[in-house]
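Both of the next two complexes hold subunit A, though its partner changes from subunit B to subunit C.
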Partner chain A sequence: MGYSNKVLDHYENPRNAGSFAQDEEGVATGMVGAPACGDVMKLQIKVGKDGVIEDARFKTYGCGSAIASSSLVTEWVKGKTLDEALTIKNAQIAEELALPPVKIHCSVLAEDAIRAAVDDYRKKHGEAK
Partner chain B sequence: MSVDLSLDFFSLFGLPRRFRLDEEALGRAWHTLQNEAHPDRHAHLPDSRGAMQGALRVNEAYAALKKPATRAQYLLELGGVSVDAIDGNTVAPEYLFEQLEWYEALEEARAAKDIGALERLAARLQTQAGSVIEQMAEQIDDFRDLEKAADTVRRLKFLDKLRLGIDSALAALDN
Partner chain C sequence: MLKLPIYLDYSATTPVDPGVAQAMIPWLTERFGNPASRSHAFGWEADAAVEKARENVAALVGADPREIIWTSGATESDNLAIKGAAHFYKEKGRHVVTLKTEHKAVLDTVRELEREGFEATYLGVRENGLIDLDAFRAALRPDTSVVSVMLVNNEIGVIQPIEDIGAICREKGIIFHVDAAQATGKVEIDLAKLPVDLMSFSAHKTYGPKGIGALYVRRKPRVRLEAQMHGGGHERGLRSGTLPTHQIVGMGEAFRLARENMAAELPRIHALHDRLLAGLSSIEATYMNGDLTPGRHVPHNLNVSFAYVEGESLMMSIRDVAVSSGSACTSASLEPSYVLRALGRDDELAHSSIRFSLGRFTTAEEIDYAVDIIRRGVGKLRDLSPLWEMAQAGIDLSTVQWAAH
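For the complex of A and B:
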């Protein structure tokens, strides 16, 4: 199967791979999994006092497209408010990475991971909506 | 004799449609049918193409029933439950953490080139797969709870995938 150059780039040079300490100030974690293929994606965001996402980390076990999707969203969420981060849609991720139809679910997973991380942050900081 | 392509895989081998399976009976039935359906035995007949299809069907059925994960998945499909549906399925959080732990342990052992750790991981996986298979037998055969069994199939498929990862890590260290 052919991966696009952008997928290969993220796969070979993942941005922001790794983890923050769970108890670090402003850190929230989103964890999602794809039941059908066993992929697991962990996305962490670090939110500043002003409510802007300062930094992000990911750890993904899965195919190249899942790794690239999560690597890409760590770049995209930086500098965004939580609400802005939630506007990132899987279609944009899939388009940016030129994912083939069978890999669209990887971009869905990345979108879900953003939502899970934001939910976790809001739960921790009592601004659940 | 030609293979009846309309039969489900269990009926094809004359086996009861259930998860707990007499593997020896499956093996015997497969050999018998394979002999009967072998294309070479039908090469002189006008319908050698049909015979080829029959032989393929027999092998497909055997491959599906032999492994617990694919057997369970097939039983669920017969019952109208899809295991691979992507929409509307989420992995329960406790399994997510469990999966992440497995992946991290594998990654660590592979990076450290630690054969002992990989073998311990394989043994732990074997034990866990055994209990998942036992659970599956209860859910499918005893309680007919196919929705719940779908989750169990996914867990088992995950463990199968992980086993491949451990095996390839061990194979890489062998060389």
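For the complex of A and C:
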């Protein structure tokens, strides 16, 4: 299977890999996927007092395209408000990484991870959806 | 000097042995005759070469040369054996028994018979990948006409007890087919003694060329087949089509070399297997798939699940080592290996599996290099893995409610 250079780059040099402490101020976590399906993504965002995502971390169990999709998303959400982050769509991720059709589900999962992390933040901070 | 990339995928295919390639060449150029041409020397010498090759194939497996039919490969042999026997003996019954862990060439052929109105039982296997003989006996019916069980499994390398299976089939008058594509040169096969009626062979898994195989069809007691390919009546009417002399010569020479080298090759591969096993076992949370007991497993194969690491991403991190994976991501189906699932391995471990297969040209240096690069790859990917992080934190992953997609 051929990989695009961008997938290879994110795979070789993952951006923002790692974890924040769960109880850290402003941190929210989204975990999506299932081991039985072959991919699990954990996306964490750290939201500042101004409601802007200051930083992000990811950990992913999955193929190279899943790792690249989540790595890319950590870069994209930084500096965005929660609402802006929610506008990131799987098609943009797939296009940026030149994912082949069989790997589109990786970009869908990355979009789901953003939504799950934002939901978690809002739940913790009592914000209505 | 270590040459990269390293090939550890001998169960997918093997290189043609240089001696085999040399033997084939004259039959493409100056000795190009059609073995079916009875009227001149071009045909006679090609025919003699084909018969010599037939003897070499027969000799490796303890058969009579007249029991060997040339085909295009093990897939065609499986088709001819299973459909040919099921069709010929359809008055006896229309029920076929096989295993869930068979190669697709067998499974899909049996599916086709089902579409034609036959009934089929796909028997599960035990956790070690081997057939449960009691369950097998119980699956047989008065109208069972054909049983197909492979000798060596392509994914996990286990050796099925075909002697015992064959004895049960004999007792019940059922035709017994064995796919031995992964077995030649790896295990002793003596069809003079084995209660097997039909056996499929492939050249390219045993250092011969692709595109040629054979089917063993027992003469005593005689096994009948309905031809699947019609035409000039070659191969006693069982498989029409001009014989590819060069391919056949290649398969004959490859099987001759296998017979000659087996005694020396097996202990060498065993040592390499043990070296690989020791190296990989030293990596935390690795699981070996399939029975590893000598006699139930060929040393050419090692199928390992590296928990919390997905197989395709691991293959990406070890790009200088050619292996294959049971991960769904390596196929378009999104389903992980059906063989590992049949062993009762959970899907996560099936997604995390890598098949290493060793062969004639594998060296100890290559094994050491592979172990080292895999250790690093697994380490890197576990650092990235949320599952590994959770496991380290003492979370039992089976209790987690996953957001399935």
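We take it that the second predicted complex is superposed on the first by the 126 of 129 C-alpha atoms of A that agree within 3 Å, B and C clash if a C-alpha of one lies under 4 Å from a C-alpha of the other, contacts with A are read in each partner's own complex, and residues count from 1 in each chain.
The rule we apply is simple: contacts are C-beta pairs under 8 Å (C-beta built on N, C-alpha and C of every residue); 3 or more make two chains touch, one makes a residue touch a chain.
Just so we're clear, the structure is a prediction, and the values are computed from it rather than from any experiment.
Q: So, does A:11 touch the first partner subunit B, the second partner subunit C, both, or neither?
A: second
Q: Classify the contacts of A:3 with the two partner chains as first (subunit B alone), second (subunit C alone), both, or neither.
A: So A:3 only meets subunit C here.
Q: Which partner chains sit in contact with A:19 here, subunit B, subunit C, both or neither? Use first/second/both/neither.
A: A:19 sits against subunit C, while subunit B stays out of touch.
Q: Figure out whether A:91 sits in contact with subunit B (first) or subunit C (second), or with both, or with neither.
A: Neither partner.
Q: Name the residues of subunit A shared by its contacts with subunit B and its contacts with subunit C.
A: 31-36, 38, 40, 42, 59, 61, 105, 108
Q: Help me check something: in the complex, which residues belonging to subunit A touch subunit B?
A: 31-36, 38, 40, 42, 59, 61, 105, 108
Q: Quick check on the complex: what are the subunit C residues that touch subunit A?
A: Interface residues on the subunit C side: 308-310, 312-313, 316-317, 327-330, 332, 334, 336, 346-348, 351, 383-389, 397, 402-405.
Q: Using the touch definition up top, name the residues of subunit B that touch subunit A in the complex.
A: Subunit B residues touching subunit A: 83-86, 89-91, 93, 95-97, 99-100, 103, 107, 151, 154, 157-158, 161-162.
Q: Tell me, which parts of subunit A touch subunit C in their complex?
A: Listed in rising order, the residues are 1, 3, 11, 14, 17, 19, 31-42, 59-64, 66-67, 102, 105, 108-109, 112, 116.
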